[in-house]
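Structure record follows, encoded as C-alpha cells.
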Amino acid sequence: MSRAGLVRTAIVVAAVAALELAARGGLLRAGVAVPPSEVAAKLWSILRAGDANADLVETLGNVALACGLALVAGFSLGAVVHGLPRLRRALDPFLASYYALPFFAFYPVLIVVLGIGRLPIVAIGFMFAVVAMMVATLNGFDRIPRALPRTARVWRMGPVRTALKIKLPSAAPHLFTGIKLAVAYAFIGVIAAEFIMATSGLGYAIAYAFNNYDNRTMYALMLLLLGIVVVVNGVLHGAEQRLLARRRAR
Amino acid sequence: MTVRPLARPAAATAPHEIHARLAEVTRTYGAVGGRGGVHALGPVDIALRRGEFYSVIGPSGCGKSTLLDVLSGLSRPSAGAITFEGRPVDGAVPDGVGVVFQEDASFPWMTVRDNIGFGLRENGVDAAEIGRRVDAALALMGLRDFAAAHPPQLSGGMRQRVCIARTLVMQPRLILLDEPFGALDAQTRLIMGDELLRVWRETGATVMLITHALDEAAMLSDRIGVMSARPGRILAEIETGWPRERDSRIAADPGFGAVTSRLWGLLREESLRAIGAQAPAGADHA
Amino acid sequence: MPTRLLDTLLVLAVGLLAWQGVHWLAPDAVTSPAGTVARAAEMLASPRFWPHAGETAWAFALSLVFAIGGGLAIGLPLGLHRFSAEVGEPILVSLYSLPKITLYPVILLVFGLGLSAKVAFGTIHGLVPVAIFAMNGVLALPPVYARAARALRLSRWRTLAAVLAPAAVPEIVTGVRIGFSVTLLGVFIGEMFSSQRGLGFLLMNAIGLHDVPTMLAIILMVGAFAVTANAALLALEHRLHHRPA
Amino acid sequence: GEKVTVTHWGQLMYGAPYAVAIEKGFYKELGLDIDGVLTSRGGGTTMRNVMASDLPYGEVALPAAIAAANQGIDLAIVHTGVGTAGEILWVTPNASPIKSIADLAGKKVAFTSPKSVTEMLLIMVTDKHRIKVDGVAAGGIGQGVTLMQQGGVVATPIMDPVWARFEDKLKPVFWTKDELPAIVQTVGVTTRAFAKDNPDKLRKLIAARRKAVAFIYANPEEAAAIVATAYDLDKAVARRAVERLVALRYWSDGAFDQAAMDNMAKGLQIVGEISGPVDWSKLVDGSFL
Amino acid sequence: MTVRPLARPAAATAPHEIHARLAEVTRTYGAVGGRGGVHALGPVDIALRRGEFYSVIGPSGCGKSTLLDVLSGLSRPSAGAITFEGRPVDGAVPDGVGVVFQEDASFPWMTVRDNIGFGLRENGVDAAEIGRRVDAALALMGLRDFAAAHPPQLSGGMRQRVCIARTLVMQPRLILLDEPFGALDAQTRLIMGDELLRVWRETGATVMLITHALDEAAMLSDRIGVMSARPGRILAEIETGWPRERDSRIAADPGFGAVTSRLWGLLREESLRAIGAQAPAGADHA
C-alpha cells in the first residue's frame, strides 16, 4: 500500500476506535451511539441469517437497472446534444440546476406512469444518474482534440466510424468520470427513494429499523451500505486506473 | 536487412512538373447572413513542383493553417481553384495526400504500432501488407523499440514521429505538415528536420511544410513562401538552391546566412506591421 | 443574445407541452401546468405560505453558510498540502457517493428535531462537494503562481492570501454552485421527514393528503428558485472562468 | 411557548383536540404556555421527536410506543388518544364492480406499508371473512389512491380528512368500524423522568386535551372551523370529516380501554411486529388522568 | 513626455566586474533516503559580469530551469556556492533579483496595472511611487492602452510583457528570464527580443536569458553559455562581440552566421548524443 493509503487506513481505524471508546465509555448518549464492534457483530448476524438478503438483492437490482439505463441514455443524449450546439446552449441552464430539484416529490407522478413497485424507484435513480452521464459525455466530446476527427477525414472515414472508433475512445476518460458519478447518483437516488417512499429495499429497511427504535439493526444496515459504496468505488477506481494507466506518461 | 520503401518511387520527373496548384485562392470565415466574416487568406497562388520541398512561413494568424486546410481538401476555398495531380480538389481529401497536424494527433488508446497501421486498416489494406508497411515505417522513424508503447509514454518528439509515420504508411505523394515540430525545443527540431529530409529524399514525395521557424525553413527547403499578415498573401518565394542530398549541417554554409537574413528582413517589416497596434508609439520614446 | 434566449424559451415550451401531455393522459395524478401555476399563485398570495417559505429559506441560508465555510475549511488546507490531499480525497469521494439520507436518523438522534437537524442535514449534503472542488481547485493551481510570489519576496501568509486564494476563486465558485444545489435538496429532504414548518413539510403534507396541485406547485416553486439562483451563479462562474469581457 | 408533539399533525385528525385546546385557550386556562405542535410523518420518528423535544410529551401511534419500549426506551403511556381504527375504510372507484369484502377475494388490495396498521386491519378483516387477497404495499394513503386510479389495485385504505376530499369519486367497500372491535391507534406518551418530575404539568396537559375533546363533541361545527384553519384545509372538507368522526366518537377522553389495547397487540402479533403479548403494567400509567 | 528610468542607473562599472557567480554548483532532485535521485545540473561555473546580456542554451531537460532556480534563490543547490553582489544566495530570492518564468505567471484576476504594481504594493512602496513606476513600465512595454484590461483579454505575447513589466518595476539589478518567449511564434519573438534589448540598455541591469532558440541567443547576447545534455554542464561560452546599441537587424551581420553556425555545430553533436537512445540504429539503414 502507498504511504497515503497507510495514513488513510490509520485515520479510519483511529476514528472507529475513538467511536468505540466514546460509545463504551458512555461519552455519547446511550441508544444514539452503538459501539462499532457491536454494529459489526450485528451486521455479521444479519448477513449470516440472511435477513437482509431480499432487500439487498432488490436494492442492488434497482441500482444496477437505474444505472445501466442512465449510462446508455445519458451517453446517447449527450452525443446527440453535442451535435446540436443550439439545443445544447438552450439546455445549459437547466442541466446546471438539475440537481437542485427534489426528485422524490415526483414519486406519486411516477407511480401514475410506471405503476407501483420497483419501477418508480428505478426511475428516481435513473433521473439522478442520467444527467451526470449526459454532462460527462458532453464534456468528453468537447475535449476531443480537433486533430483527431480531422485525421479521420484525411483517411476518408465516415461519420459513424469516426464516432465509434475515434470519438468514443478519445472521450473515454471523461465518460468514465460520468460512469463513476452515475453509479454514485443511482445509489443515492434509489436509497433515498426507498427510504422515503418505498416499502422494501435496503433504504426502507434502514428507515424501518429507525422507526422501530432498532438502532443496532439500523447502524448495521448503514454499515453494510457504506461497505457496498466503498467497495463499488474501489472497483470503479481500479478499473479507471487500469483504463488510464496506458494513457499516462511514464 | 533491407527495408522496403514507403512510397512508390517517384516517376522520372520532368523538371518543374506541377504537382499541386492553388490559383487565386481566398478563404473567408463565418460570413453568415449579411455580416462580413474574417478574411483569413488570399488571394494566393502557389504552384508546387513534383518532388520539391516547399516551406511556408508567416506571422501568427496570417492564414497558414487555412492554406493547408483548403489545399488538403479539409475545407473549401471561398474563391479560386485548387488542383492536385491535375484534378480539382473539392471538399474531400484526395487519395495520395497526407496531412500531419500541428497538434499531437496520435491516439493515446492505441499502441504505436496500431496507431501507425490504423489508417491502412480503415482503408481495407490487407493485414500482411499492413504489417510490412508498418514495420518499415517503425524502422524509418526510429520507433522500433516503442512499437508496443502507448503515445503518452513517449516524448513529444516521438509522438510527432508516430504521426508522421502514420501518414507515411499511406504512401502519400503530397505530404502537408502544419508546424509539426511546434511543440519541440530547437535541438529536437533539428534532429526531426534531418529525419524529415531523409524521408523526403527516400520517398520522392512532394512536401509542403508550414513553420514559423525561419532557420528551419531555410535549412530544409528548396523554396520558401513568405506570407504577409492576415489576410495572408505570398510576399515572396525564395529559392535556396540547396542540393537534394543535405542535412542540418547546411547551416554552416555561407549561403545559409544569406537566406536567413533575407527572410528576417522580409518578416521583420511584416511583423512590425502586423503587431503595430499592440506596440503603441509610447514604447518608442521611453 | 436573442437567439439563445429564444432557444431556451423553446426548450421550456417543449417541456410544458410534455407536461400538459402527461396531464391529459392522467388528469387525476398530474395537474396541468396552468392549474399548477394557479395553485402556486394562490399559495403565494396566502399569508400562511410565507412562514413556511421563510423557515426553509432561513434553514437553507444557514446550511449554505456552514456547507461553504466547512467545505473551504477542509478543502483549502488539503489542497495546499499534496500529501494530505492524497490521503483525504478517497475519503471525501466515498462520503460524496454515500446516500446521505441514511444518515438522517443519526442526525435526528444527535440534533434532535427542528432547525438544527435540518441545517445539519443540508450542511452534510453541501459540504463535501464544496470541499472536493476547493481542494482540486487549489491543487490544480499552476505552480508558477507560488514561484512568482516567492520571486516577489512575499511571505507565506501573503502568498496564500494575495495569490493562491484569489487564483482558486473560479474553482471555488464552481464548487459553491454544486454545493448550492445539493444543500437545497438536503434541507428540503430534511423538512420532508420531521418538521412542522417549511416547504418540505408542506410537500410531505400534500403527499399525505394526496393534494396533487399543491405538490406540483411546491416543486414548481422550488425548481424555479433553483434554476434562477443557479443561472445567476452560472453567469458569475462564466465570468470568473473566462474573465474577459 | 412550548410545543407538544402529535403524529401526522396536519394530515390526519389525531391532532384536532390539540388544535382546539390551543385555539380556545384551554392550555392557558391551566397556566400552560403551549403555542404549537411538532410532528412527523408518524411511527418511530414522532416517538423520537417526543423524547428529543423540550417538552417530552405527545401523542404517538401505539405500535411506535410499544416498539420503543421494547428497545428499552424509558417511557410511560399516560392516556389514550384515538381509541378506534373505525374511521379507516377501504374504497374503490365509483364505477368499480366491487361491492363487498367478498368481491375482493383473489384481487389486489392496497395497504400503506408493511407491518402498518392498515396491513394489520386488512389481514384481520380478510381472515374474518375467510378470503385471501393479494396485499400490495402502496407506500401511503395518497399513493394508494393514485395506484388504484391507475388500476394497480381494486381497493385502497383511506381515512379522513383525505376521504372527505374524495367522497364523490370513490365509494366504500367496507368500514373497519363495521368489521372489527375497537383498536387503540394512538396514545399519549412521556418519559418516566418527566412524569416523575412534573406530575402536575402532565395532569394539566391531559386535562386540557380532555376539555378540548368534550368541546369537539359539543360544538362540532366550530371545532371543524378551528381544524380547517390549523390544517389549512377546505372548510367543507373539515366539517364533513369532523362530523363523521364525532359520530364515531373517534377521540378518546383519555381513559384506558384494556380490550382495545389488547386488540392492537394481537394485530401486531399477526403482522409479526411483536412476538408475544404486551405487559401493559410496565407501560401504562393511568395515574395522571 | 519623458519616462523615468525603471532601474537606478548602473554605477560606472569597472570592466568585467563580477555581478553574480555560480561556483561548482550541482543540483540533484529527490535523493531521499539512500536512493539516488536525478542529477539534474552541474557542476556548473558561471560568472555573470555586471551589465552583460548572457544567454544559456541547451537541449530540453538539461537543467536550464534548475540553473535559474538555484541562481535566483528559489531552490538551494545540492553542492557549490552562489553569490550575488558578493553575498551568498541561500534559499531566498535576494533583493535586486527579478525572475520572469517560462509559464505565463500573470494573475488573471487583476488588471494589467494591478499586476504590474503587485510586487511593489506587497513590498510596501508608497502609492505615488508605485503609480510613477507602473506608468513608466506600461509605456516601456507598450501596454498603456491595456492598463485596465485583464490578462486573459491579451495575447500570449502581451501577457508575457505584463510579467516582464511586473519584474522591471521592482528595479532588479539582475534579471533572470526562463524561456520567456517560448509560447510565441518566431516573428513575435523577434519584436519581443528587440524590446528586451532596449530595456536592458536603458536599465543597465545584468540579464540572464534562458532560451532554446539559437538565433535568439545569437542575436541578443553578449555571451552565450552552451549547456550539455543532463546533467547540464557548460560546454562552451561564446562571446558575440556585438555593440551595446543593437537590435534584431544584427542578423544581417556577416558575423551572425558565424555565431549561429558555431552554436549549431556544438548543439548538433550534443543533441544527437542526448537523443541517441531514442533514435536506434534501425533508423540509419532504412
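All chains are identified by letter, namely A, B, C, D and E, in their written order; residue positions are counted from 1 within each chain.
In the analysis below, a residue touches a chain if its C-beta (ideal position, glycine included) is under 8 Å from a C-beta of that chain, and two chains touch if they have at least 3 such contacts.
Since this is a predicted model, take the numbers as computed values, not measurements.
In summary, the chains found to touch both subunit B and subunit C are A, E. In terms of their C-alpha centroids, the spacing between subunit A and subunit C amounts to 18 Å. Inter-chain centre distance (subunit A to subunit D, centres taken as mean C-alpha positions): 38 Å.
For this pair, subunit D with subunit E, the centres built from the Cα atoms lie 83 Å apart. Subunit A and subunit E have CA centres that are 51 Å apart. Annotation for subunit A: residues 31, 107-108, 111-112, 210, 215 touch two or more other chains. Among the residues of subunit C, those in touch with two or more other chains are 26, 28-29, 109, 192-193, 207, 210.
Under the contact rule defined at the top, the touching pairs of chains are A-B, A-C, A-D, B-E, C-D, C-E. Interface of subunit C with subunit D (complex): residues 26, 28-29, 48, 108-109, 112-114, 192-196, 201, 204-205, 207-211.
In the complex of the two chains, the subunit C residues touching subunit A come out as 3-4, 7-8, 10-11, 22, 26, 28-30, 83, 86-88, 90-91, 93-94, 96-106, 109-110, 177-178, 180-182, 184-185, 188-189, 192-193, 200, 203, 207, 210, 212, 215-216, 218-219, 222-223, 226-227, 229-231, 234.
Subunit A meets subunit D in the complex at residues 31, 107-108, 111-112, 115-116, 197-200, 208, 210-215. The part of subunit E that touches subunit C in the complex is made up of residues 72, 74, 92-93, 95, 97-99, 101, 103-105, 107-109, 118-119, 122-123, 150, 152-153, 163, 166-167, 170. The part of subunit D that touches subunit C in the complex is made up of residues 3, 8-12, 36-41, 45, 48-49, 52-53, 140-143, 145-146, 149-150, 161-162, 165-166, 232.
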